[in-house]
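Each of the next two complexes has chain A plus one other chain: chain B in the first, chain C in the second.
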Partner chain A sequence: MTLLRDEIAVVGIANGPFGSFPEYDDYAQMAIAFKAALDDAGLEKNQIDGLITHRLGLYTRAAEVLGINPDYAVPLLRHGRMSGVAIQNGVAALLTGQAKYVALVYGNNGRSVRDLYGGGGGLWAPFGMSSPGAEHALLYERYRQKYAVTPEKLATVSLTLREHARLNPEAVMQKPLTLDDYMNARFIVEPLRLFDYCLINDGAVVMILTTKDRAKDLKQPPVYISGVSTATDLANVSTPPRGYWREAMAHNAERVYPMAGIDREDLSGLMIYDNFAPNILYSLEGYGFCKEGEAPDFIQGGRIALGGDLPVNTSGGHLSESYMQGWALNTEAVRQLRHQCGKRQIKDAKAIQYICSAAICSSIIYRR
Partner chain B sequence: MTYAKPLPSIDRWNKPFWDAARQGELQLQTCEDCGHWWFPPAPVCPSCLSTRVTWKRASGRGKIWSRCRFHHIYDKAFADEAPYNVCMIELEEGPLFISNVVGAAWEDIGIGDAVEACFEKATEEVTLVRFKLAEK
Partner chain C sequence: MSVAPLLPTITDENRPFWDAARAGRFRMQRCSHCATLRPSPSDICPHCLSEEFAWVDLSGRGAVSSWCVYHRAFHPAFKERVPYTILQVDLDEGVRFVAPLAGGGVRPLKLGMRVRVVFEEAAEDVVLPVFALEEDVV
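So, the complex of A and B:
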């Protein structure tokens, strides 16, 4: 379990601007972020000998745009769950000596090309079932009935994250969000309302990883990857998981905390993949921050807000900062641990956990 | 009038399902070695990996695991029906199926309710398997 602990560090990060940029494509945004991440780390591009691409259509085009010939090159599909997988693979490549500096590159032009996340074909499309949000609607409908969750309780997720976004100049959503705004917004797929859904925007994120010895010579204070684990619920992936990925999350929890030597009470905050607001509830329960069915109460009273016991998604997350499929949550974790977050800085942040709950559940623990 | 909603893409593995639906039957794959039932169709038994796979008539009975209701129109062809329900059904034999519950108001569609398959012709080739609430 201690094989990984603090052996690998994040040494360079960059986010492109988030918004709508039809004048660029996803490769262009990625390339601009790549250059910025190199500058952040104090590296030259030819030192990058590992490349993991995510969402971008072709890893070949990505390498061609960047003009590099990495020894290690892996393309990952566009699913958001692949950001954690990319980091896991980057760590493995470094630990096994396949590469010395791995760039994880991600570009997204979903806004410009009008990705709708619904409609089109698929197994259940003849029945009008065609959106990832509807899978979450099915999950949440059963959950909210079972635990008698009011919409006002779920609203705490979206309202809290919007307040966080308002402290983040890079966040797409800067307007205040009130409970009335939340309740009066239309249903997309009932029981989920508009503000339970993540944004769709353009942007790019790049992270550069290396070994802890190499990290010491670079520009930024290293942020260590102390634990990383994935577990899946893939065998019945055509339908929403009746177990809410709980087994996979529990399996990750059994590994990631001992690997990091960091337990829940040592964490300064959480970055939780918020494609849809209820996913934060399932993740808090799945990793044992509270018991099953308790998350709707657990999140009240400012507990997950900045200044609370367990701040969640201090950037504003996918709901209010930017839909970068997990990446911007990982860079937010790194920024928090570098103490570069300005008005939204978690005081004296020491360790942060990233959690993505989906058909591939991933979790990463970072520490400074 | 032409049928404007999405149709299933029929392939070598799922063709028996759609052929049976056209005859007003819900058929599923089952394993001659271990007795496992599953959906969507697959080339081998996902439980024991046997290739002794056969199609059998299922009871058509199931229970509603959850429900949701589409208000947003992702596909114009559904515009006249919105808001419309989509339910996940646990079939008696074990597999899960996502479809619509017909002939019932949203308020009357309860989690855990018993349902049974019904068949609605969409085109000459395709008959859709939907569900109605079972008689109490």
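So, the complex of A and C:
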């Protein structure tokens, strides 16, 4: 296994504001964040010779808006699982010398255009079955029947993340969330309630990667990408997955920890793709933090809260910061490892793992 | 005022499925080489990549392996139907299929409940295979 540690670093990051910005399109929001990420890194625009675009409709328009001619240019589809793929590709491009400084750029105007995530498309739409939330509802109903999970136990995910968001001035949700609020909220697709769903917003996130030698000359303390792995469950993608992507997650776990040269107990925290609250349970089990069916108990007692053994989504995540399709979780990992998180800083953070569990499962380990 | 139903997009690949449903039959593609059934229609077998296949009648029987209840319509066509239940069914032939609970609405359900396919008219000339609980079928 190649030890990736210290080879590739994140040197510039920026989150655009998250919310409702109909006055800017997604490219403009991305460009504003791009400029902020260059400033963060201490780089000039024309040093960027690698560009990976995500969600934005056209990589051509993205490069035109930024006014750059990168040697390496890759567009990725709008699926949220592509954020991990983008980072994996950035690492590969740098390791093989395709580029010196790779910008990963993401823009989202889902709120302004009223992105519904469901309705007309897909094999099951005429049956009345569409939307990622309903796919997760099917997954979770089976899970909660099998392991007799109460809604109060699942609520711990949303309540914990809301408390984290309240320590993050960039988070969209700042109001306290009580168990009563959670339980009394309407079902969207039952068994999932309103607060089990992520927040659709406008926003942008940019990350700039480079090699370890180049990283040393830049403004910020480098945060290293120590491990990166993807595995898929795509062959039966139109039918609900049978195993909660556990095989793909286990495959990632076999690779990503040895690649980083660390194990689970060395992690200071986790950033888990929380498009829907139960996905955090599957991810904790899939990567071996607890056994199958144990996650609803594992997360109780403050374990995944700041100050607990294994803080999860310290920014508030997709449930309470904003749904930025994994990106703002990755920049949060970098901020935690730069020790720039203020009131929500994980004390002495040394290593953070990003996990996205979907038809493409991805995981990244960051170290300082 | 009634809203237009959400009609399936009929393609050359899936037309036999919808034609069969209209005739009260629940059919699926089966590879003629390795016998793999495919719920998502395709010209090619995803198991052995053979191009040879036939549309075969299925028993329409299976067991509930999960369900969910829509309280919100993601498409206007379903606005008057919420709340409605979607069943995930593991068919006796070994493949998974997703379709609404017959008659709509919400019922107490359990994993493993036996169901069978019945047919409901969604629009003129469009018939949907849906799942009825065995206990309801005389």
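The rule is simple: the second predicted complex is superposed on the first by the 367 of 368 C-alpha atoms of A that agree within 3 Å, B and C clash if a C-alpha of one lies under 4 Å from a C-alpha of the other, contacts with A are read in each partner's own complex, and residues count from 1 in each chain.
Going forward, contacts are C-beta pairs under 8 Å (C-beta built on N, C-alpha and C of every residue); 3 or more make two chains touch, one makes a residue touch a chain.
The shown structure was predicted, so the numbers you read here are calculated from the model rather than taken from an experiment.
After superposition onto chain A, the partners chain B and chain C occupy overlapping space and clash.
By the touch criterion stated above, A:300 is placed in contact with neither chain B nor chain C.
In the superposition on chain A, contact of A:340 is made with neither chain B nor chain C. By the touch criterion defined above, A:187 lies against chain B and chain C together after alignment on the C-alpha atoms of chain A.
Contacts of A:138 after superposition on the shared chain: both chain B and chain C are touched.
With both structures placed on the common chain, the touch criterion links A:46 to neither chain B nor chain C. Once the two complexes are laid over each other on the shared chain, residue contacts for A:242 go to chain B and to chain C alike. Once the two complexes are laid over each other on the shared chain, residue contacts for A:128 go to chain B and to chain C alike. Residues 116, 118-120, 123-131, 134, 137-139, 141-142, 145, 186-191, 235, 238-240, 242 of chain A are contacted both by chain B in one complex and by chain C in the other. The part of chain A that touches chain B in the complex is made up of residues 116, 118-131, 134, 137-139, 141-142, 145, 186-191, 235-236, 238-240, 242. Touching chain A in their complex are the following residues of chain C: 6-8, 39-40, 46, 65-72, 74-75, 77-78, 81, 83-84, 86, 88, 95-100, 110-111, 122, 126, 128, 130. Those residues of chain A that touch chain C in the complex are listed here as 116-120, 123-131, 134, 137-139, 141-142, 145-146, 186-192, 235, 238-240, 242. Note for the complex: chain B touches chain A at residues 5-9, 39-40, 46, 65-72, 74-75, 78, 81, 83-84, 86, 88, 96, 98-100, 111, 122, 126, 128, 130.
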